[in-house]
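Labels run A, B, C and D following the written order; every chain starts at residue 1.
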Amino acid sequence: MTLASPPVPLPSVAAALEAVRPGATLMVGGFGLVGAPLTLIEGLLEHPGARDLTIISNNLGEPGRGLGRLLLEGRVRKAIGSFFTSNPDVVAAYQEGRLEVELLPQGTLAEAIRAGGAGIGGFYTRTAWGTALAGGREERIIRGEPHLFYESLRADVALVRARAADELGNLVYSKTARNFNPDMATAADVVIAEVDEVVPVGALDPEEIVTPHPYVTTVVLSGKAAAR
Amino acid sequence: MTLASPPVPLPSVAAALEAVRPGATLMVGGFGLVGAPLTLIEGLLEHPGARDLTIISNNLGEPGRGLGRLLLEGRVRKAIGSFFTSNPDVVAAYQEGRLEVELLPQGTLAEAIRAGGAGIGGFYTRTAWGTALAGGREERIIRGEPHLFYESLRADVALVRARAADELGNLVYSKTARNFNPDMATAADVVIAEVDEVVPVGALDPEEIVTPHPYVTTVVLSGKAAAR
Amino acid sequence: MSVQQRIAARVAPHIPRGAVVNLGIGIPTLVADHLPLDHAYLQTENGLLGVGPTPAPDEVDPDLVHAGKQPVTARPGASYFSSSASFGMIRSGRVEIAVLGALQIDAQGRIANWAIPGRPVLGVGGAMDLLVGARTVIVATTHTAKDGAAKIVSEATFPLTAQRPVDLVVTEAATFRVTPDGLELVEIAEDHDLEWVQAHTTAPYRVAIDERGAVHA
Amino acid sequence: MSVQQRIAARVAPHIPRGAVVNLGIGIPTLVADHLPLDHAYLQTENGLLGVGPTPAPDEVDPDLVHAGKQPVTARPGASYFSSSASFGMIRSGRVEIAVLGALQIDAQGRIANWAIPGRPVLGVGGAMDLLVGARTVIVATTHTAKDGAAKIVSEATFPLTAQRPVDLVVTEAATFRVTPDGLELVEIAEDHDLEWVQAHTTAPYRVAIDERGAVHA
């Protein structure tokens, strides 16, 4: 069959990451290292433009692994996420004033990303109301219950991990490696997907595609796939 | 294999619809008649408790078909949706003061239902800002752009149409008959799914399930399936 | 060719290859008839990206329709999604081009296409979402209303669908580009002339074509 | 059996058959070891409903973990979903029971489990969402802190995780029900007695059991 042109570009990791400029805001998928785009994260280390970054991600990797390496190299200015305690390097960087941290409840983080990807400006959730994490946020009573206002989140670039892409850029994920990836894939101006395989158009069931191709800017092969 | 008890109940249409009480708010899936739970809608006609209803649905069926029949029988007090013009009976009922109508842009309707199903109190969208449909809604500038506030929507009962359920109540849909159904399946206290077949647990791919079973109260077979 | 088909044919060259496009009900839907099969990715807001041609009567699937509720097919690489996901895609700018009908277009390029004064307003559909979300909006409309009244007017008398102006207005007679300074006439159809356009357009516009029809920006 | 496993075993009878349950990190995770394989549907907020037992070492799938990031399996009938969908399920009450750990429980049954005064607050995870969303919340915790200090206290000195009180507090020594009037001691473990509970609980509570251990409501 013929493809509607252009199919999704399949650049090298380095070429794809040219989209990351100094000072950029990045969304990076994954829950710990599961579903994290590790090949792209390694690529960031080789990319001089990847500095002074704001990273939106549930965690900041593990000590010296994944985003944890990027942190150790001093590339991260600010982290927005829900659980950084599992990486002691984050605690140290924060205490030494090398890292700014914005902490959100995990569900609020996920919802803010999903809202950003759905063209929604902001939303109200009951989560964190009446806690120290509410800070001075605007409150609103809806159906008798107090809610907090959150703006949606968007990024310049999202780095996501999927199991496979087709040649148009449609994505499917693998088990709990899905996590934040499909939400982030909707919420950035440039979306780079790291996959284990690229399959022909028509090979993915249209009912099963999680991320439709208009969201995906480029696809790169994971190191795992490249090593095959 | 053994099932975690209880599997999803498979009552008759009449028994399932006992959950619909006079004055109830119902969400009804479908885009026109496509993906509308027609067997359940017919069941409502036989159910004396289905009166004085508020119906949240994109349309109100076609003249004398689907929800259009329910309207003709005087069971609908109020309709919340996005496009009622295709059924002249709705226009007539509205003009004669027999029907209250709340009109929302289609994307705002879908988002309000999705928000209701996700435990979100309300949200801001740019859609309809500066139009007559904005009415006196609260405005808010987010990232420099004006937005309108909408509360999320929930219902007492949702009637949805799916292709198949497994014995736990997990649902998959068929093509564009999906439309509002998965959103509504999350946003009601009682969710009744009309399906063409019930398959054994494990027969649906865990990556492909669109509505996980905790959302589904009961499953009924469509007339189409029952006629086989 | 009907006037509707002629308008649709005049819109088609404005659709770049590989674009994600949403075609509204009416004339916009006909644009697909004037595009090569795999030219663009058609999105329909009821939950399908990758709309294919109308099926043969014996191949109609009742679960597979476009937003005009007519049977369609799905192209290889298509995907299905819920209404909320579909409008998420629209509002966040992933639909590159929306082609919409209009009852009126004002001097700023804002359109009215959902309500008629004096009649009950009972339908809006997805037009408002497409107008705030799509990156480029093209209007495909007859140049005048059925009663001959101008549709491209100084000020709309019908309620606006959005404050956001569209980008291009294509009729059977002419094409207008919408600029920050207002409308620009950039093309006249072969079977019409400037005099006809002037007689049937009450909005002010700058004529940005020379006598041979070439655009001068 | 370790004290952690004994607490988990004491929580298990409170999980009804067929319930959708989220087990937090730590002692709550161990509750699964005390339930029959198909007793409940375990939801993990990283995107799986239908968590199964820990796999054999040679059957570990790196893409399949629970919220504690440990390898798990998936039961027949399981489903995977995104983080936003997972917390949608949690906030809208479709998780029937959440079992959470706690650093402190106050006299109203509110818990603190995410921050320690004087230490940087860099982790919150999903606990706040589970507390506002789950229909029933059970706390599974040691009765006292490692230093012997009471965890069930009149007023929390640690920041609260939510204003919403939990429903049940289960320790190795006792079970408290949370009522609108405060805590009720409804059960004492066989290897503990009322005196021990009194010595290690600084919150006020009503003793709702008689000398033989039967609950009197």
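Note that in this section a contact is a pair of C-beta atoms (placed from the backbone, for glycine too) under 8 Å apart; a residue touches a chain by one contact, two chains touch by 3 or more.
Each chain and its UniProt protein: C, D = 3-oxoacid CoA-transferase/3-oxoacid CoA-transferase subunit B.
Note that the coordinates shown come from a computational prediction; the quantities given were computed from them, not determined experimentally.
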Shortest chain-hopping distance from chain A out to chain B: 1
Centre-of-Cα separation between chain D and chain B, whole angstrom: 35
CA centroid of chain C to CA centroid of chain D, Å: 56
Distance from the mean Cα position of chain C to that of chain B, given in whole angstrom: 30
Where chain C touches two or more other chains, by residue: 74, 80-81, 84, 87-88, 90-91, 132-133
Multi-chain contact residues (two or more partners), chain A: 111, 118-120, 125-126, 173, 175, 206-207
Touch-based graph of the chains, sorted into line, ring, star, complete or other: other
Chain-to-chain touches, reported pairwise for every pair that qualifies: A-B, A-C, A-D, B-C, B-D
Residue ranges of chain D touching chain B (in the complex, touch as defined): 17-18, 20, 37-41, 43, 49-50, 74-81, 84-85, 87-96, 132-133
Chain C-facing residues of chain B, complex: 31-32, 34-35, 58, 82-86, 90-91, 94-95, 101, 103-111, 113-114, 125-133, 173-183, 210
Complex contact set, residues of chain D against chain A: 44-48, 61-67, 69, 74, 80-84, 86-88, 90-91, 114-115, 120-129, 132-133, 159-163
Chain D partner contacts - residues on chain B that touch it in the complex: 1-6, 116-120, 166-168, 170, 186-187, 201-202, 204, 206-207, 209, 212-215
Of chain A, residues touching chain B in the complex: 111, 115, 118-126, 140, 142-143, 145, 147, 151-152, 172-173, 175, 205-208
